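You will see chain A twice below: alongside chain B first, and alongside chain C after that.
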Partner chain A sequence: MRNYLPPIICGVCGVIMMLHFFLPENTMLYKTMMEWVTNSTIVVGVFGLFIGLASLVHNHGNRIARRSPGWGYSVITLSFTAIVALTGIISQNVGPSVVSKPLEKYNYDNRKNQDHTLITHTLFGYKDETYKTNLVAAASSDAPEMKGEEITVRKVPLFMFFYNYVIMPMGATTFSLLAFYMITATYRAMRAKSWEASLLLISSIIILIGQVPIEEIPLIGKWIMGHAQLIVYMSLILYILYAAMKQFFSRNFITCGILSASAALIGVIWYYTPADVDFEAMKSIILNYPNNAAKRGILIGVQLGSLATSIKILSGIEKPYMGGRG
Partner chain B sequence: MELFTIKSLPLWLQYVNENWFDLNKLNALIGIIIFGSLIVYFIRRAKSGAYLFVRRIPGLESIEEALGRATEIGRPILYISGIGGESDMQTIAAMNILGNVAEQIAHYDTDLKVPCINPIVMTIEQELVKQAYTRAGRPENYKEDCVYYLSDNQFAYASAVSGIMVREKPAANFLLGNYAAESLIIAEAGASTGAIQIAGTAAISQIPFFIVACDYTLIGEELFAAGAYVSREPLLLGSLKGQDIAKLVIILIMIVAIILGTIVSAFLLKDGFIYGLSDFMNKIFDLKAFK
Partner chain C sequence: MASGSPNIYGPKQNFWQRHYRPLIYLLTLVCVVGGTLTRLPLSLSVSDATQGVFDTLEKLPELRAQDIEKQQALLAEKLEEAKTNSGPDLQKEIAAIKDKIARLQMNPKGVVLVCIDFDPSTEAELGPMAHAFIRHCFSRGVKVLVNTGGNVMSQPLAQNIISASATEGALMKKNKYDFMEDGTDYVFFGFRPNAFQLYLQMGENILTAYETDYAGHDLTLLPIMRGIRNFSDIDMVFSISGYVGSPETWITVGNTKFGKPVALGQVAISASDYYPYIQSKQICGMLPGLRGAAEYEGACGSPPRATGRMWAQLYTHTFAILLIIIGNLEFFFKGFKRRKV
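Let's look at the complex of A and B:
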């Protein structure tokens, strides 16, 4: 029974969900099933929360008990888990005061077509220069209450206080690290180690130049923007000719011939390229055609992979929920 | 006075009275039936013992190398299955690979660490790893706390994983599953520790980040193929073959559609058989086309 029941439940639920996809969205059956799925997800999610909490306490509790290196961090983690959980339980009226000011109407959720008022609030008094402080947090939390109000001092529930002033800024800080990581990643990506890497380098330079306001660079900015075709095609031709020369000296005459012919072909393409094609247009061509084609190719593969995985799970060939294969 | 309305019927009769099929999705149903049948056919062929060729995937070939290296230098292996939930196909694919990787790790007797973002995924992965150790004949080597929960907040999770990478310096990092903005934070933290990194995701916007920051990257569908590739189970390989044939069918449809579309626009056709066929081809993948 232990071996048969879970795959049967999984198969039946999977088929029900598949049938649900094919129901017209305005039918009562669709809505009832949707409600059932939402409620089931909430129930499972609540149980999951307890499991997660138990794992967290067990893991960090062990580290504290064993005095493992860095056990102090575990004390902080567990303390704040308890504090934040408690703030969710205590009254909504308990909390620090913040100064708030409505900014502008904003359609926060396009699907629901709800107008929210963006507000900014600060712990240390409203200042014009803190215009965008916690803008997103405000829009998603307590903006609807603020409609039409002027600068006010009001209480923020302690849980929201932690969310807006501790969790959100910390998340934003971690997210900001991406800027630095992107620079190191770009450095690694932009090394012409092979033929493919060189192509990547050239296309990324075109996109970079097409994306940034390069014409504002003093002296050379306008010249660069005005000679987009010369720069791109000449770089390509010179690079290919350099590669062809290397092949010639290595006595690979066939490869050398193919590369030289490619350089000539690029020259022909340059001749027939309309004069108004600049970096902006080249960027659009790269993003809309080769980039989009590759993306869609990957997407088709991913969807077929998902379909195959679904069939394997529905038919019980794969049973990850039971610890592996069937 | 109205004596009879639909709402006065019992609930189950109200359901029966409704239209149960959205004709806009007819092409999706036909697609599922055709491609599903292909996959099922190849699974059955594999069951009957037919040989199925699968091309080499370098990222998966290197798993053995990564595990061997971790065992040699005595450092743990970190396995991260992304930020998706239990119903995310990429997370499911990552869990399938975890089962196989854990089985090999059990043979090598190396430490495995699986920090999770989702408690349900954590529970499933605990069971997966436990079963893998049992399959490998080393149930005594399984440690209860090797699969654990960190946080359900995306960036808190990314920070915690980066911290684990820097403090414990795992020899190999597996970053497989669904990733978003945290992908580069985690991958760069791993790269800075000098670990072998094997990544794989179907999230298109994150693939470039993994390619530059990791040693091997499984691109898109390779993630779904990995479970079958690593385990070499005929049943799973069969589904892989079915997927490939389905892709071939789609490519053929696209080539025919491109040729017909080019003819229609070159000769400015407005009606006739070729125009009708081209129009039909254009509508094949459109969910609202069969209204």
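Let's look at the complex of A and C:
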């Protein structure tokens, strides 16, 4: 039974999920099925949450019990899991007050002819540029009491306080470290070691320049933008001629001839390129043609692969949900 | 020299070769800080992908008017048919069409569903585009429905963005708008597990998919929901996502199944994955990364949240290009010796 029941459940659910794409939408069967499936997935999702939590507690609990290397981190993980869960459960009225300042007080709800006080709050004082701080609005009758220039906003819910002032900065900081690694990687890895690497290099430079308004760089920005074609085509031609010269000295005259002809062909393409093609236009060409062609091929391949895998799972040939057993 | 990774220069090293990594980190920091502190205006041309999103939103009232006209023509046809055949099925159909017309007329400027599906790690790129798009909706009188699809951590972020956008209207230089009220001008549904199923259920009936909003209010009691029942009452979907798979779900459900215009907001690194969908017209446009957000801000006159951050991106990209050039010059001058990287 343990081997047969899960594939049957999986197959039936899979067929139901497929059916809704073929059933007419206004039928009672469709509506009932959709409601049942939605409710079921919510229940399964909640169970998944509990399983995830149990797994987290089990794994980190074991590390703490065995005093495995780095067990202190497990203590921190479990403590903060409990703390964040608690902050979400306790009352919305519990939380710290933050110092704030009223920005403007005016009637800006014309439909109801109602005054609102626009106030900002941050952890360390306030900023006048509201779009950089947490902005809240309160009806004037509910606005907090003024104490000199500063006011105290009503309590910020503890969960939102944690989210805004702990989770947000930490998440952003961790991800922003990528920028530093990527910059050193560009220096170490992006070198014209081969013909393919050179193509990648030139495309990436075009995309990098096309993604920013390079003309705003003082002194050289406007020149770079005005000579986009010269920079790109001349880099390509010089590189190909350099490769041709190497082939010539290695006495590979046919390869040398092919490369020289390629350089001439690029020169012809340059001649016929419209004058208004700048880095942004080149970026669009790369993204819309070579990129699309490659992506479309990958997408079709991936979809055919997932179709085959889905059929195998639904028909019970593959059972990843049983850990590959059965 | 930072430890833990192989040295690319071998045993004989000069100062740069010994310390290039911390020096690059330091200069990157200077670029980011310098860019963040730069307060100059920035002119950006608007790409076709961004323009597609902007134009679709601008045309929503027109689309809705066309939809109402279509339904009225269908109603007239059915009423004509009812003169010769007064069966119960036909009467039900007529009632359904009348109901549909009434719902469409409740929101003549249109209704947009915004799916905010990112966490703090990608907020720097995606937050500004969410702000700019929602503000654009409010300034045009479009009703906004907000949900989160793939990650429960997006919920508080979405709540921050929607409530800030609702109050910021009066501070905008262009396209000012009144204070937007929760439950009347916008609603935030929050998170439910299994996005694909959820979106399908929303296509059938939003009230059974969510039942309450994020704050726990019964959806049936909210004024905004009087004119919105399912996807047929929504004119456009805008999915802002930092996760793999989320936009594909919207393309499959929102566009392929329910035929609604879908627009995407993507981090720059994933944006190239979705250009094929623009060409095949499965999405009406896309905001690619911070640049897309800055272009959109320029197009709709929002406060320069993303445009301000573009300076940091400009300096850092320029620095990266310089490093590539320096690295390659170094490579060429030293000849094609094989090195371990």
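Here is the rule we use: the second predicted complex is superposed on the first by the 251 of 326 C-alpha atoms of A that agree within 3 Å, B and C clash if a C-alpha of one lies under 4 Å from a C-alpha of the other, contacts with A are read in each partner's own complex, and residues count from 1 in each chain.
The rule is short, and it goes like this: a residue touches a chain if its C-beta (ideal position, glycine included) is under 8 Å from a C-beta of that chain, and two chains touch if they have at least 3 such contacts.
Keep in mind that this is a model prediction, so the values were computed, not measured.
In the superposition on chain A, contact is made by A:I317 with chain B only, not with chain C. In the superposition on chain A, A:D276 contacts neither chain B nor chain C. By the touch criterion defined above, A:T184 lies against chain B and chain C together after alignment on the C-alpha atoms of chain A. Applying the stated contact rule after C-alpha superposition, one finds that A:E196 touches neither chain B nor chain C. When the two structures are aligned on the shared chain, A:T38 is found in touch with chain C, with no touch to chain B. By the document's definition of touching, of the two partners only chain B reaches A:G305; chain C does not.
Overlap of the chain B and chain C contact sets on chain A: residues 21, 25, 44-45, 48-49, 167, 170-171, 174-175, 182, 184, 186, 188-189, 295, 299.
On the chain A side of its complex with chain C, the touching residues are 20-21, 25, 30-31, 34-35, 37-38, 41-42, 44-46, 48-49, 104, 106, 108-111, 114, 116, 118, 130-132, 134-137, 159-160, 163-164, 167-172, 174-176, 179-180, 182-184, 186-193, 201, 204-205, 208-209, 211-214, 216-217, 280, 284, 287-288, 291-292, 295-296, 299. Of all the residues in chain A, the ones that touch chain B in their complex are 21-25, 27-29, 32, 44-45, 48-53, 55-56, 58-59, 62, 69-70, 167, 170-171, 174-175, 177-178, 181-182, 184-186, 188-189, 295, 298-302, 304-313, 315, 317-318, 320-325. The touching residues of chain B, counted against chain A in their complex, run 14-15, 18-22, 25, 28-29, 32, 35-36, 39-40, 43, 89, 92-93, 95-96, 99, 118-120, 122-124, 127-128, 130-132, 135, 145, 148-150, 152-156, 158-159, 167, 181-182, 184-185, 188, 202, 204, 207-209, 211-213, 219-221, 223-225, 227, 231, 233, 235-236, 239-240, 242-243, 246-247, 250. Against chain A, the residues of chain C that register as touching in their complex are 8, 20-21, 24-25, 28, 32, 40, 42-45, 47-48, 119-124, 131, 153, 156-157, 159-160, 163-164, 166-171, 178-179, 192-194, 197-198, 200-201, 203-205, 208-209, 257, 268, 272-273, 275-276, 279, 289, 291, 303, 305, 310, 313-314, 316-321, 323-324, 326-328, 331-332, 336, 341.
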